[in-house]
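Consider the two complexes below, in which chain A is the common component and chain B and chain C are the respective partners.
What follows is the complex of A and B.
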């Protein structure tokens, strides 16, 4: 009971302390530099009521989803191929290693030249920002699949195709899910970043708010984005647990 | 090689004529860098039909490797595995079922799904394989756990699933690779009794790998004592105890004498 109380109480306490510090700092600095949470809360409700914030966010997220799903569709098979085939590993790993360390922000000006400022730009940036994380997580999972479990399947005379569908894929499942969750975080960040460059969608809204003399709307937008990102990430995790009840007990990296 | 002639089986000579399973001149190297380390060199062994054979030896004597070569999941550098008169070297199936040391259940499958795995990959229909799997789950005493996942079971229960999974394909040869090595002593002894019970009812040829002398003496018709680097036969022992065997035999004079003999033979092998 006390352990449970601690688990709940301590994060709440930390959260309350943060709000308190923010409130004190905000009141002394003024809303032009840092709006205190009491003012941001009012602004937040106002922005929710106006509806533009959520409208823009949902439109942006829909476009983000295209890039993110494409990244999953490319990254997951690529990661499996690299993890299970030395040839694929040798061909693709240098590229993946290079791209994963490249700043997405630095690529945006280049891609504006190629793709303009429309849907294709945002989808491409989101794709490039998330696909490598999805690939690498899947790759590590595919490399780490227990040879013993593959041996069990072979012992029962499973074909290569059966081994893939009945052993490798299920064994990869936790990694696919983790890859998707890491990828999603990067996808949402990249979405806002790309939109800020071309001042469109939710990122555009953030950009415009940043120019005003009141930080309350900007902070409201950031908090909304944070909540939605966390919620999507949690949703993906919950969906994963529902699909695979054994997942929680599986240690990624085992 | 010392052969202790204490025979329970009526005609081991006759059984040798048509062995159920034969390893002929098995040679296996492990390659480390450019070095070739021999694990098994020209190793031969035959197993009679319905025999309970135990391969006993210290780690590194190649007993597990031999078992995996017999099962066909590990290639060998030379030699042949003959099962029912047919060369099955390097192939799996054909009546062989394997129980693994670390259980190696699939964590994403329920008990039922794990036990039905072999039937599933063999193309047995869903309804039929579920029925068969349920029978074997019942046989190993896990009725009521059909829908549990491996992580919800104790080690002993997990290995019961491993045994049911191997038995479900109705193999004629059951290969067991230190199946109880990861279990505590009480659970191990319980499972040994269960295994003897099942074996007496199901009538299968068993090749059982262990490094426990007591386990070997309690279970085996014949013990092949192996010594390491490269793995070779140190001694073959025909175990004299009548079946069904009960725990009490472990404190008999004969049991203890044999245990000491084997222990000495293992020590001899280790010093070579």
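What follows is the complex of A and C.
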């Protein structure tokens, strides 16, 4: 009972400490440098009421979803192929390891030249920022599938297709999910990055509110981003637990 | 047998790279409306002494903020991570707070950093720090928690003092995590380096990119992307080399 109480109370204490330090710092620095949470909270409700913040957010998230889903559709099969076939691994490995260290920000000027500053640019940047992480996580999972499991299936004369659907795919499940979650973090980052670069959508809103003399709107926008990011991550985790409750959420490295 | 398949795989990887670059060169010459500049042209940016000295001069300047920012990250995040990870109460208090802040895309803090640090070196160092500090912190917390109680108990039963246990057991057990943090953190820091140069006052590599974008000089833009990519790969291999040298007793799971 006390352990449970501790698990609930300590995080609250942590957040309370953060808010307290922030409030004290905000009050002594003034709202032009750091608006205290008491003022940000009022501003946050005001922005929610005005509606522009949520409108821009939902438009941006929809565009991000296109890039992210495309990244899943490409990255997951690619990761499985690389993990299960030595040939595919050899062919794609150099490219994946090169692209995964390429910084997304550096790609934006290049793709502005190719694609302009419209929807395609943002979707492409989100795609490129997330696809390699999804690929690599799936790859690690596909490589780690125990050969015994596959051998057992084979000795029960399962066909290759059956082995794939009944053994490999269920074993991959937690990795696909972790890949999607890691990919999503990078997709959201890329969304904000690209939008701030070309000053459009939610990122554009962040950029514009940075120009005002009051930091309360800016902080409200950051908090909204935080909530969205945490909520989407939680949603993916919950969806995974529902779809495959027999798999405990595994911790696999990024 | 094993070495033969390894050689085959290397050859296949090499072939994959050569084929794609050859196709790219051919496409740039023969397909109208082909967007990418020919690889020869990009390579020329590194062969021409004038543009080479410009690129590497800028890189040298960029490395200054990278070094300062990442050093700051290590000085702050490594001790803090160990401290939080070794204490159950601190971990329960602050991990949710850290995860919440970590969920905010760091680039969204750019307007803030401009307000606090201006547009020049300080702001760039701050962004490099901000983009790498949480990744290092999260890995070090996980690592410090992971140090097995049994190891520490063995030390205690052999009469090791608190200081000895820390120095001889906990710190060596943390080293693999420290290297993991270096790998992830350095990639993020390089990302921060170029992001900062594009989002604050454009300087160094960022300035070269922005100017080239305005002149539709995609070969130069691609050359800078390549340079950053090579920097990332070199950093990863240097860290891996150092790890193998220092941690010959530890086998990293593939």
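Note that the second predicted complex is superposed on the first by the 248 of 254 C-alpha atoms of A that agree within 3 Å, B and C clash if a C-alpha of one lies under 4 Å from a C-alpha of the other, contacts with A are read in each partner's own complex, and residues count from 1 in each chain.
Operating definition for what follows: a contact is a pair of C-beta atoms (placed from the backbone, for glycine too) under 8 Å apart; a residue touches a chain by one contact, two chains touch by 3 or more.
In this text, all values refer to a predicted model and were calculated from it rather than measured experimentally.
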item: Chain A as common anchor, with chain B and chain C clashing or fitting; value: fit
item: First, second, both or neither for A:108, with chain B first and chain C second; value: second
item: First, second, both or neither for A:230, with chain B first and chain C second; value: second
item: First (chain B), second (chain C), both or neither touched by A:135; value: neither
item: Where the C-alpha centre of chain A sits as vertex, the angle toward chain B and chain C in the overlay (nearest 10 degrees); value: 90
item: Partner chain in contact with A:154 - chain B first, chain C second, else both or neither; value: first
item: Contacts of A:178 with chain B and chain C, given as first, second, both or neither; value: neither
item: Residues of chain A touched, compared between chain B and chain C (which is higher); value: C
item: CA minimum distance (chain B, chain C), superposed complexes, angstrom; value: 6
item: Complex contact set, residues of chain A against chain C; value: 6-7, 10-11, 13-15, 17-18, 32-33, 86-87, 89-95, 97-98, 101-110, 112-114, 143, 185, 188-189, 191-193, 196-197, 203, 206-207, 209-211, 215, 218, 221-222, 225-226, 229-230, 233, 253-254
item: Residue ranges of chain A in contact with chain B within the complex; value: 146, 148-149, 151-159, 162, 166-167, 170-171, 173, 244-246, 249-250
item: Residue ranges of chain C touching chain A (in the complex, touch as defined); value: 5, 8-10, 12-13, 16-17, 20, 35-36, 89, 92-97, 99-101, 103-112, 114-116, 180, 184, 187, 190-191, 193-195, 198-199, 209-210, 212-213, 216, 218, 221-222, 224-225, 228-229, 232-233, 236, 254
item: Residue numbers on chain B that touch chain A, as the complex places them; value: 68, 71-73, 92-93, 96-98, 100, 102, 104, 106-109, 117-118, 120-122, 149-151, 169
